[in-house]
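Order as written gives the chain letters A, B and C; numbering starts at 1 within each chain.
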Amino acid sequence: MSERIFYNLLQVVVVMAFAPLVSGVLSRLKEMVQSKRGPSIFQPYRDLWKLFHKDEIVSEDSSWIFRFTPYVVFVTPIFVVLLIPVLTSYPLFFAFMGDMLGAGFVLALGGFFAAIAAVDTANPYGAVGASRTRMVGFLAEPVFMIVFFTVSFVAGSTIPYIVQQKWVTPLANFFAPSHVLLVLAFLMLILAEGGRIPVDNPSGHFELAMIDESKSLEYSGRGFALVKWGGQMKFFVLLCVFLNVLVTPWGLAANQSLGAVLLAVPLVLLKIFCFVLVLVVIESSLSKLRLFRIAEFLGAAFITAVAAMIAQVFLG
Amino acid sequence: MSDATRELLQNLNALAAGLFLLTAFGIVATRQARGCLQLFIAQSLLLAASAALLGLRFDSGHLYGVALVNLVSKPIIVPWLLRKVAPAELYTRREIDQALNIPITLLIALALTVGAYFLGVPLANAVGPGYHGPNVPIGIAGLLLGALTLTVRREAMPLLIGLLAMENGAFLAGVSIARDLPMLVELAIATDGLIIVFIVGVLVRAVDKQVGTTAVGELASLREGPARRSGPGADS
Amino acid sequence: MSVVWILLPPLVAAALAGIPLKRSLAPGATVVSCLLVLAGASRLAWRVAAGDPVGDALGPGWSNWVAVDGLSALILFLIALVGTTAAVYSLGYMAHGRPTPGKLRLYHANYNLFIFSMLAIPIVAEPTLVWIVVELTTLCSALLVSFDNTRGALEAAWKYVVLSLLGAGIALFGFLVLFAALHAGGGGAYTWAGLVDAAPRMPAFLMQTAFLLILIGLGTKVGLVPMHTWLPDAHSQAPSPVCALLSGIETTTILYVILRLFPVMQGVPGAHAEKWALVLGLVSAGTAAFLLLQVHDYKRLFAFSTVEHMGIVLTAVGFGASAADYGAMQQIVSHAVTKSFCFFAAGAVLLAVGTREISAVRGLIRRAPAAGTALMLGGLGIAGAPPLAVFLSEFVILKAGLARGHYFATGLLAVFIVIAFFGVMLHLNRMVFGQPEGPVPPDTDGASLPFSCRLTLVLAALPVVVLGVYIPKPLHDLLAQAATALIR
């Protein structure tokens, strides 16, 4: 019992510790693919350390939302980490506190606050970014829903741990057409929600073209550090849901010993880095979509998800 | 063969069929002519894969022949023939504006897929016991989506690919329910596909030269209506 | 003599047409090959009418691929007949536009390939091969339809190709389901005869689906409503001899493939193929009759009339009586000779006047008497006026329908025929006898018809007139034999 609480908290610590590393590896690999040297993979840690030690400047015209949002954005992924399988394949202490829909809503809460705070400062670029993020968000919602419903339909439950046990564990399911289509749909979703090419350019500096980045333009110092870290943790959480529940639920600790759980940490990181490789390939081969084409992109994701649902219902 | 191998082959076949469906959606929705052709090539490869897998599963040398014929004629000979016959402008076209925008077209495609499943599953069951897999419903879906492509697209390349994709869909279904079709027939159908490409290429070249556009789906001047003075004049 | 040799002359002529020798080599080769085919087909038809079995002249191994019975012999004979008259007509007609030698050779090569593909359809017995040959007919005639290379002709050819291939794709799936049904019923030879034998064992759901898919898919090529939208365009934009082939015999040949399914469906318990045929036939006849009333182009007029006649034949088969089947066969014959004559006449008018618009042509009887008379005769013939061929066959069909008890359907069919009659006569009357309304466009210099066109008009008019009063005994036997092929 106490072990379960401990492992749950260990999950949070792991996510907090390694989320910047994933971000660092991603940007380093992207640069290497472009034949540049790229920053060190530990650079995000140094950035966070630097930002925590800088002064914070807050606009006088902004309200409490602007000051409150960095904490919301930082804390919501942590709540979600408590709900999803990161290191273990059996449910932990907080696992039944919320299901996948609940996790989705909690993440949406963070996004909501980030969007309002962007409008709060009266910086026009913030408002532009906020409205674009909301557009991407609402187009991505149906895809989330369909994916979760299909997966829960098969597993008979919406709790991620139970879904993970039933979804791919019989190896035959891995090749089923519904599985492949769902993986594709969720991949397109990660690209959209994580602000990756082809939806958004995460390393761009041109404010008029930004979607996600412009929401954090106004932050500085500690607030900025929390927003950055929260963003990296949200991406890590999405990857965990994708990899540990949908695609490759292997390598997670099956029994309750500390050794097994600690062994799961490098295995999970290995899975995530493999996926980061795939992501780098995708990002380097596609170009950013024009804004109104994002609707078509997410429409295609929706169709893929519904096709997966049809295939599951009629053939499963 | 063991049950596990059988299961694996069936699952791989289901995977190929699922990706086939995805390419069919892609053909309906993609804007670029070149992308359309690439999706068609992918679709033909998946069809050959499905035929080969079912051949392994049912130990039927016949299906290997089908896979080989499909592998040679569609991904290799069709693009080569098209390069020779069709005007070069065919490859560079994009559909900028369409009669129906892409999300709505995709929704209609989805509805057609559901219809295909409703028709295909009883059909596959009526053929008899034995494994049929998702081939029949997805094949019918491929057929219907090819027909949808013919209806909504206006550029010549997607229209041609839609025609060929319909045959691919019919074949995907046929590979699982009509396994012993004579090889002569398979070869003749493949040759037929090549002749289609040839004739369409010649026609599109003529249209391009005469009318000045490869958007052949837009030609719509022949209809009942008030007599057009500029209409058929002194033709022979 | 085996049946397959009949396919050889058109292939040889097509190959010869590819050789750039004398200018008259290609047209001459076409005519000679068509005459050879006509001789072979007539002999075959004679033998079949006399009751000889022709099936496996090449040996037992071929019976899985090639088979000929009464219906096939009839269709073969008609293809040969219309092909020959159209080939003679093209001699004069195509020379009129003064095409380059290359284009003329292309025309004749395509023409012969088209004839070849049409001839193969009644001979081949394996349904999927038949499907392949059906697609070949589309592909071989596509370049013929676009021959004029005007915008209209290219558009018509494009719509023709796309819609026909769309229908063929659906029909391919239907044939595959048919194959699956055969195997689900325990196997057997996949030929028309084998299907008829195996019919009671085949699952009804599969057979129904296959029948509907093939009806809709191939019905697109036949021109049944609502898949007919390409037909008025293609059958009016093509050069007139090609129109005669397309309208006169090609749609009928595709209809033959659909008709082959009827004896099979009769053996399947719970299938009602006849009802589908009845409904679809009536819808086609009716829609065409109404659409006929507002055409602006006299070749489109004849094209819509083709749709109507295909509907009439299908309705006759749908009545389900052997007398109606005989009437359907007779209608096929009379339609083939009359429609080809109509298009020959239309071509003559086009040569004389230079435009396809109805409103631009008035008083043809004064301007170009030969063309005018021919047009009038053709119009009367196709509309079903006595004592010409079509009237007799339509009368037989209506009588058989009433005898069978389909009062409503027969009445409806009669109404449609009358409407079409009015439509055709309205337009043609004005064209041939009317007073000019506005300024008259000057006559083209081709006011005098080439000799071969006049010869063809005279020759083609003979069956139209003769078959309206008297059906020779061999023909009657052939029709009776063909009608039995529709019954199990």
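Here is the rule we use: a residue touches a chain if its C-beta (ideal position, glycine included) is under 8 Å from a C-beta of that chain, and two chains touch if they have at least 3 such contacts.
As the structure is a prediction and not an experimental result, all values here were calculated from the model.
Engineer: Specify the chain with the shortest distance from its C-alpha centroid to the centroid of every protein C-alpha atom present.
Structural biologist: Central by C-alpha mean position: chain B.
Engineer: Tell me which chain's centre, taken as the mean of its C-alpha atoms, is farthest from chain A.
Structural biologist: Most remote chain from chain A, centroid-wise, comes out as C.
Engineer: Need the CA-centroid distance for the pair chain B / chain C, whole Å please.
Structural biologist: Distance between chain centres: 29 Å.
Engineer: Return the distance between the CA-based centres of chain A and chain C, expressed in whole Å.
Structural biologist: So the centre of chain A lies 65 Å away from the centre of chain C.
Engineer: I'd like to verify one number: the distance from the centre of chain A to the centre of chain B, where each centre is the average of its C-alpha atoms, in whole angstrom.
Structural biologist: 37
Engineer: Residues of chain A touching chain B in their complex?
Structural biologist: Those residues of chain A that touch chain B are 172, 174-178, 180-181, 184, 295-296, 299-300, 302-304, 306-307, 310-311, 314-315.
Engineer: Would you mind writing out the residues of chain B in touch with chain C in their complex?
Structural biologist: 119, 122-123, 126-128, 139-140, 143, 146-147, 150, 159, 163, 166-167, 169-170, 173-174, 177-178, 180-182, 184-185, 188-189, 192, 195-196, 199-200, 202-203, 206-207, 210-211, 216, 219-222, 224-227, 231-236
Engineer: Quick one: which bits of chain C touch chain B in the complex? Just the residue numbers, please.
Structural biologist: Going by the criterion above, the answer is residues 93-94, 96-97, 126, 128-129, 132, 135-136, 139, 142-143, 146, 148-159, 161-162, 165-166, 169-170, 172-173, 176-177, 179-181, 183-184, 203, 205-206, 209, 232-233, 237, 239, 291, 294-297, 300, 350-351, 354-357, 359-360, 444.
Engineer: Considering the complex alone, what residue numbers of chain B touch chain A?
Structural biologist: 7-8, 11-12, 14-15, 17-19, 21-22, 25, 29, 102-103, 106-107, 109-110, 113-114, 117, 121, 134, 137-138
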